[in-house]
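A quick write-up on the structure given underneath.
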Amino acid sequence: MLLKTHSVIPGFHLALGFTLLYLCLIVLIPLSTVFLKTTTLTWEQFWLAVSAPRVLASYRLTFGTALLAALINAFFGLLVAWVLVRYSFLGKRFIDAMIDLPFALPTAVAGIALTAIYANNGWIGRYLEPWGIKVAFTPLGIIVALTFIGLPFVVRTVQPVLQDLEVEVEEAAVSLGATRWQTFYLIILPNLWPALLTGFALAFARGLGEYGSIVFIAGNMPMVSEIVPLIIITKLEQYDYEGAAAIAVVMLIASFILLLIINLLQWWSSRRYH
Amino acid sequence: MGIEIRQITKTFHQFTALKEVSLTIPDGQLVALLGPSGCGKTTLLRIVAGLEVANSGSILFHGEDATFQQVRERRVGFVFQHYALFRHLTVFENVAFGLRVRPRSQRPSKEIIKSKVNELLKLIQMQELADRYPRQLSGGQRQRVALARALAVEPKVLLLDEPFGALDTKVRKELRRWLRRLHETMHITSLFVTHDQEEAMEVADLVVVMNEGQVEQVGTPDDIYENPASPFVYQFIGHVNLFHGRLQTGNVRIGDLDITLDSHTEVHQAPVVAYVRPHELEISRESESTSIAVTVNSIHLLGPMVHLELLPQNSTEVLEAELTKEYYRQLRLQKGDKVFVKPRKMRLFMGGK
Amino acid sequence: MTNALNLYLPQATTEPRWVRYLLISFTLIFLTLFLLLPLIAIFVQALQEGLTAYWTALVEPDALAAIKLTLLTAIIAVPLNLVFGIAAAWAIAKFDFTGKSILITLIDLPFAVSPVIAGFIFVLLFGLHGVIGPWLNAQDIKIIFAVPGIILATIFVTFPFVARELIPLLQAQGNEEEEAALVLGANGWQTFWYITLPNMKWGLLYGVILCNARAMGEFGAVSVVSGHIRGLTNTMPLHVEILYNEYNFVAAFAVASLLAVLALVTLVLKTLVEWRVHQQMQDQT
């Protein structure tokens, strides 16, 4: 018996049965095929596939750009959340609604739009070029795309926590002689840490797997601006399913570890405040 | 016979909520399940309703075994602590719900439902608010709608879980009286859970005092107050002073005090605790052989009554006493006065330190 | 309401005026560069050669086929995930069972999987060299490089949306109203239909809106399983890619602008529904 306590509410077996069946058919069984596929490789073949120089370069690029973009988002996300919660200004509601644009806009559309802006002759690219800064078709472009994609994560995790913060706590700090900066640094920020970290981890995780917005802006040069998902696609097109599966397994394990960390972070923050 | 509860035991994981509880609720009576939180009273009520299933034991409604009946077959009216009104339905639709979900063959016609619901809304004095939603009502109004909703299905028994728990004192008093009057007109067997002894005493025909999953005492409110069956009941119902002493063949010795009893002559040596209610302590200026010397520690005037805190000599345990204002004036008591108290009545329980 | 309140917050718990203006300016500049500019760029690029060119790009047969396929995909994927979301939320929010937290984590799993891998797993399962590919081929059933593959990959990437919205909502609502309905004599379906469903309708709608936006806009996963056959297996985002790679920028941005409008409609609906959900959550207390 799965149920821990009896309940008079009907439908447990039907609902759970359907949930598990659908979960297995759509998610678990298909996902298991990647791991199954790699079992056809010997350990040596597997190692060779996941540690080729071109693949290693793509890990560095994917993890590096995702990390940098997540850091940028952590900073600006906190700023945006702060401004949206604490200040009032014209167009605030509009801005608040627009924050979710990266969730709603198809990634491919975001990709071509960002490319158009940051290309040499684009609205922003043309002003950067004289300074020798190239964004489109370089790793910098990937960071721009990932910053766009990951923006809502930090804002949307920090915003509610900031909203629920009691003004009394800050007033107490002020009454005890703290300056505004001390209040922020010693009282407000520690309360925001779990949410900020969660948002950062979510943005980072999303960045690792992102494909649509990057392929247009990255230039996709091997060893320089080729991300891991693109390598998987290239291998697929060459019918190297085993090689693609091996790299996919590495990425999946990285994602699962991140998912675990995010769950722990959320558990931590809920335990801290409820 | 109204409701018969036989040998009900209920455990949640390791925790035993109810231990072989047996209880008989007479037909047509309004009965209070009284006890501190966590004593199992709500669990018992939910088992009677069929919302929880007991590990063992049985439930009979009017002599008919209902243990294995589903909730919806039991025909009970249940009033939830936080009302559980359907927030997307109006007052009218909430009350009509139980009639509308009946199988087609037993469902009354639209006109009958309408007149029935209106009748109930009249009873709870909320005809004008029939089209309101629950969020537009005050706490007391919500409670009345919850009650009308439960009554609409013509239940065999009415069960109420802390019916006035979430209301403020004034509304609570009004609703209590209203429930009492309602019960007098409808005479439906009713069981309600409360942790408030005043509420139980004022409303119920019969009070069931529960503690740690067991029934401590069943009796009329007066009975429970005057003759508590156990130390727990004594302490739970109203204030009480404790005197620790020793029992010696019909004699109780408390401090320097000796009291001769008519009973307990067969016991040679035993620790004993005497329970005395504040109003049962007699205060006088003169010493007697059976009185205790105390100092008046503080005086609180509360309407027609006066509460005293008294500090006995060679003790730090404060005694509480209650006397009429008249008698208090007669004594001309002042803070710091030395006076003598004597229990007018007391009840002994074996055990203690 | 909160805006007005914030204005009059005591001076002690806010920053000096110049700091406030500085922070607001920074935020607005950042959001303009990263959010507004790309959005505007799409429409400017699409209309670069006038309305006629824009219109031609949209009514061209391949574009129409792509629009049709995108709609078809969403019409199948969203309701399936909707039914799943309700079942999962019912089981998780209304009952206490062993393995519940693992189940919740597993439901979120597709969000942690790269879209490219999401497409890839279906190739491994149904592709010619896949687990049951050869058998499917013998039966003359085509899933990969065909419409069923696109729909399956879309279902995978949009899998958690509805469930994620409903689980916390149902958990917050508790079981009391359902218990009240059962005591009043309602059966299971009546309880679900008359009590639970009306109570979760806004949360449900919210999940559906997000699910639909992702279903119509998915690129990576669909790209892997589609085979990019024009007029047959191209969804709108894939059609945008093809046009863009052919340097047909006006047409690419024209189709992209449709998707951008979809995103804007999504944001408007989302904001409206969010407001309702928020209200409902407040009624709870």
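Letters A, B and C mark the chains as written, and numbering starts fresh at 1 in each.
Quick note on the criterion: contacts are C-beta pairs under 8 Å (C-beta built on N, C-alpha and C of every residue); 3 or more make two chains touch, one makes a residue touch a chain.
Predicted model only: the values in this text are computed from it and were never measured.
Novice: Determine which of the two chain pairs, B-C or A-C, is joined by the larger number of C-beta pairs in contact.
Specialist: A-C
Novice: So which chain is farthest from chain A, going by the mean of the CA atoms in each chain?
Specialist: B
Novice: I'd like the Å distance between the centres of chain A and chain B, where a centre is the mean of that chain's Cα atoms.
Specialist: The computed centroid separation for chain A versus chain B comes out at 56 Å.
Novice: Provide the C-alpha centroid distance between chain B and chain C, rounded to the nearest whole angstrom.
Specialist: Roughly 54 Å, centre to centre.
Novice: Report, in whole Å, the distance between the mean C-alpha point of chain A and the mean C-alpha point of chain C.
Specialist: 16
Novice: Mind pulling the residue numbers of chain A that touch at least two other chains?
Specialist: 4-5, 8, in rising order.
Novice: Name the residues of chain B that each touch 2 or more other chains.
Specialist: 50-51, 71
Novice: For chain C, write out the residues touching at least two other chains, lowest number first.
Specialist: Residue numbers touching two or more other chains: 179, 182, 187.
Novice: Touching residues of chain B toward chain C in the complex: what are they?
Specialist: 49-51, 71-72, 74-78, 80, 82, 84-88, 97-98, 101-102, 135, 149-150, 152-153
Novice: Help me check something: in the complex, which residues belonging to chain C touch chain A?
Specialist: Those in contact with chain A are residues 3-4, 6-7, 9-10, 12-16, 20, 23-24, 26-28, 30-31, 33-39, 41-42, 45, 83-84, 87-88, 90-92, 94-99, 103, 105-110, 112-117, 120-125, 127, 129-131, 152, 155-156, 159, 175, 178-179, 182, 187-188, 191-192, 210, 213, 216-220, 223-224, 236-238, 240-241, 244, 249, 252-253, 256, 259-260, 262-264, 266-268, 270-271.
Novice: Residues of chain B touching chain A in their complex?
Specialist: Residue list for chain B touching chain A: 12-13, 50-53, 70-71.
Novice: Along chain A, where are the residues that touch chain B in the complex?
Specialist: 4-6, 8
Novice: Name, in rising order, each residue of chain C that touches chain B in their complex.
Specialist: Per the touch definition, chain C meets chain B at residues 176-177, 179-187, 190, 194-195, 198-199, 283.
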